[in-house]
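Each of the next two complexes has subunit A plus one more chain, namely subunit B in the first and subunit C in the second.
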Partner chain A sequence: MTVLILTSEEDVTADMVVAKLHEAGTPMMRLDPADLPGKAVLSAEYAHGDFDGHLSVNGHVLSMGGLRSVWVRRPGEPAAHAPHPSPWLAAETRQALYGMLHSAATRWMNHPHNAEQARLKPWQLRVAHLSGFAVPPTVFTTAPRLAQQFAEEYRDVVVKSASGPPPGDPGLALPTTLIGPDADFSAVAAGPALLQRYIPKRADIRLTCVGTRLFAARKTAEPGQVDGRYGETGHAWEAVPVPERVGRSVRDYVAFAGLAYAAFDFAEDEEGIWWFLECNQGGQFGFVELETGQPISEAVALWLSQRKADRRVPARHW
Partner chain B sequence: MRPFTLNYAFPRGLTNVVTPYSFDAARQLNVLPDGRPAVSDPDLLLAVGTTTSTAGSQTHFDD
Partner chain C sequence: MTVLILTSEEDVTADMVVAKLHEAGTPMMRLDPADLPGKAVLSAEYAHGDFDGHLSVNGHVLSMGGLRSVWVRRPGEPAAHAPHPSPWLAAETRQALYGMLHSAATRWMNHPHNAEQARLKPWQLRVAHLSGFAVPPTVFTTAPRLAQQFAEEYRDVVVKSASGPPPGDPGLALPTTLIGPDADFSAVAAGPALLQRYIPKRADIRLTCVGTRLFAARKTAEPGQVDGRYGETGHAWEAVPVPERVGRSVRDYVAFAGLAYAAFDFAEDEEGIWWFLECNQGGQFGFVELETGQPISEAVALWLSQRKADRRVPARHW
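Coming up: the complex of A and B.
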């Protein structure tokens, strides 16, 4: 039985899991959907009252009957590396690849349907509330007047993107930024704005959830630092225990969202409360493991290798 | 009108990282020039920065 990893070739965080799978002798295939068609070859057959399918790339072959699990890590856009890529070719290739994979009886980290929903920031906040996390007051709005009122009520608020920086070359960075009520909110009418009450923090927390295993890491923040991803603090990530209450909320969240993997970001305030900021269903873990030594890649490899169904993640039945 | 959120964007600067490893199709992971897996050198991976939470932001918003 084989583990399928959908990611790009340059993804060295995936390498960490590949190395663990090799050590355990677990068969695996690494495929970038961008290489299909071309370097990778696909064939799915619905004939004789049955279904079967095959994938091959770089001399490795995978039968859908032997597929144990799929890790959707950092897959490229289907057909992106084709000689003549186009939106139509990408759509056709997506149909062929993901249609075939969905037809197989396999485990997903994470299931694409659940992943798509889990990426929606407003939905994340709703699930976080239901799971018992402390969630900062937040507004998504295209109404300048409401944005102004929110900023006046909470004084120190941050603005951040829900979907990340806009694609393009040269690239843009779009860090979470502190703004005040004096900002000109008229441009809120030109695009939804995400405003959130600023949480003065003494540390950033990254909690990685793999199946039922939780790995929390803490990085001391500089006074006034807003976005922990930007700016040097002189501090390193260090492993910390997961408070029992937070652990319960994390488990409730991933069960509700149907996620086998999730990376949570929290802001730890002066009283030690972990405020939920977001949950990245495909969040990075390489930097955390490299700095803390937490065995996250081993946990991912183990989850992907397991034979049994993960009862915590809702199974999809025909 | 420029969307409000984009008022706080700025150029990322040079983003083309030259990585000291290359993909080995047979082993299905990246290797150093001496053949060792790139993941066997954690200090190098940290220095290159390709495992950080902003490394994939241009193509994926799962940081």
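Coming up: the complex of A and C.
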């Protein structure tokens, strides 16, 4: 039974998992959907009330009946490397590849449709509330008056992007920024703003969830530092235990969201409370593993290799 | 409790449902996501462990607590009508709008993530098999040799597109076409082909499923007609009863796929068997209702208006 890794990049995180799969002797195939058709060949047959499919990369053939799991790492756009790429060729190739994979009785880390929902920030906050996390008061709005009211109510608020930094090369840095109620909120009418109560923090927490295994890491923050992603603190990530209550909330969250893998970011305040900031279903873990020594890539490899009760039907995406 | 219709078009199908909602006195809001921000204003607040959101269009305000259902009809791209549209503004606006709607305890026709999966043609065939439909043998492949083998095995086969006709204006017609085993299959290597055993048919069947209500319509085919969407037959759609076995399969299919609405296309062969061709989760029904008089728009309006057991949590997408 083979693990299929969909990725376009030779990133450290994927390489660490590949090494663990090799060590364990688990058969594995790596495919960039951009190489289909071309380097990769696909065939899916639906006949006699049954289904069988094959994927062939560099002469290695993977049968859908032998597919244990799919790791959706950083897949390229289907057919992007074709001699004459087009939106229609991409759509046809996406249909063939993902339609075939979705027809197989396989496990997904993460199922693409659960991943899509899990990317919605406002939905994340709602599910976090329902899972029992401490969540900083937050507003998403296109109404300048409501943005100002929110800033007046909570005084110290941060503004950040919901979808991430604007695309472009070179990329535009868009750190989370502290603002006061006297700011000019008129531009909110031109594009939705995400305002959140500022949590003065003594540390950043990254909690990685792989199946039912949790790995928490902590990095002390500089006093007054707002966005841990920008600027050096001189501190390193250190493994810390997961508070029992947080562990329960994490398990509720991933069960509700249908995620096999998730990376949670928290701000630890002066009283030691972990405030939910976001949950990235595709978050990196290489940097945490390298600094803390936590066996996250091994846990991912193990999850991908595990046999679950055989199912003859495609995975419903939950 | 209000029904929200996301659509960019004044199409006959949407208008028919709007008329039924008006007749029944059901409050309704129509929104094109392209008009946000601008004509529409949005605000979603996550605070005190709770959630509330508002959507305002032309001075009418809809609270998320008062949202009964969302009909995803033909929504425009978020922020497409903004003075300075951009991929990033679209992404931020999509986050705010869909994130807020997904946070609400509402019903969806259809849930966007179920709709996304239901569009995958190969997956449709697999689920149709498992639901007990008769499905013509089909192959999706980028291997010319396998395409040729398939054509030799089944003799009369049709080739069609999996994702629909190529985009463009004017659109390119791409009717389903009959080919023989002596065709040149070499181009299959450049883009996946969908080959299917040809079903000589005496009629086209359109079966519309709204919740648990089924409406079947039949149109006699011209002898030798391959694609019912192109060319006039001189015959009209007529209401026909749903065979019991087909009804069971339809209910299994929509339950598995998590769809509240689906339009099935079948080919009726000389022996009266209905062969599954495809299931379009967003298929039109206006033309069927106008010709057959079947109360489909009323069924849609009723489904959208119905109260289900109150839930305080967002709909999981199944």
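Following the convention adopted for this analysis, the second predicted complex is superposed on the first by the 306 of 318 C-alpha atoms of A that agree within 3 Å, B and C clash if a C-alpha of one lies under 4 Å from a C-alpha of the other, contacts with A are read in each partner's own complex, and residues count from 1 in each chain.
To be clear about the criterion, a contact is a pair of C-beta atoms (placed from the backbone, for glycine too) under 8 Å apart; a residue touches a chain by one contact, two chains touch by 3 or more.
Values in this document were obtained by computation on a predicted structure and should not be read as measured data.
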item	value
Subunit B versus subunit C as contact partner of A:167, first or second or both or neither	both
Partner chain(s) touched by A:299 [first = subunit B, second = subunit C, both, neither]	neither
Partner chain in contact with A:290 - subunit B first, subunit C second, else both or neither	first
Which superposed partner A:226 touches (first subunit B, second subunit C, both, neither)	neither
Partner chain(s) touched by A:190 [first = subunit B, second = subunit C, both, neither]	both
Partner chain(s) touched by A:64 [first = subunit B, second = subunit C, both, neither]	neither
First (subunit B), second (subunit C), both or neither touched by A:146	second
Winner by number of subunit A residues touched, once subunit B and subunit C are compared	C
Which of subunit B and subunit C A:177 touches, first, second, both or neither	first
Touching both subunit B and subunit C, residues of subunit A	161, 163-164, 166-167, 189-192, 194
Interfacial residue positions of subunit C with respect to subunit A in the complex	36-37, 40-51, 79, 82-84, 86-89, 91-96, 98-100, 102-103, 113-114, 116-117, 120-127, 129-130, 135, 137-143, 146, 150, 161-164, 166-167, 189-192, 194, 256, 258, 313-314, 316-318
Interfacial residue positions of subunit B with respect to subunit A in the complex	1-12, 15, 19, 21, 23, 25-30, 37-39, 42, 45-46, 50-63
Footprint of subunit B on subunit A - complex, ascending	9-10, 12-16, 18-19, 22, 28-30, 58-60, 74, 76, 119, 147, 159-161, 163-167, 170-175, 177, 179, 185-194, 206, 229-230, 280-284, 286-287, 290-291
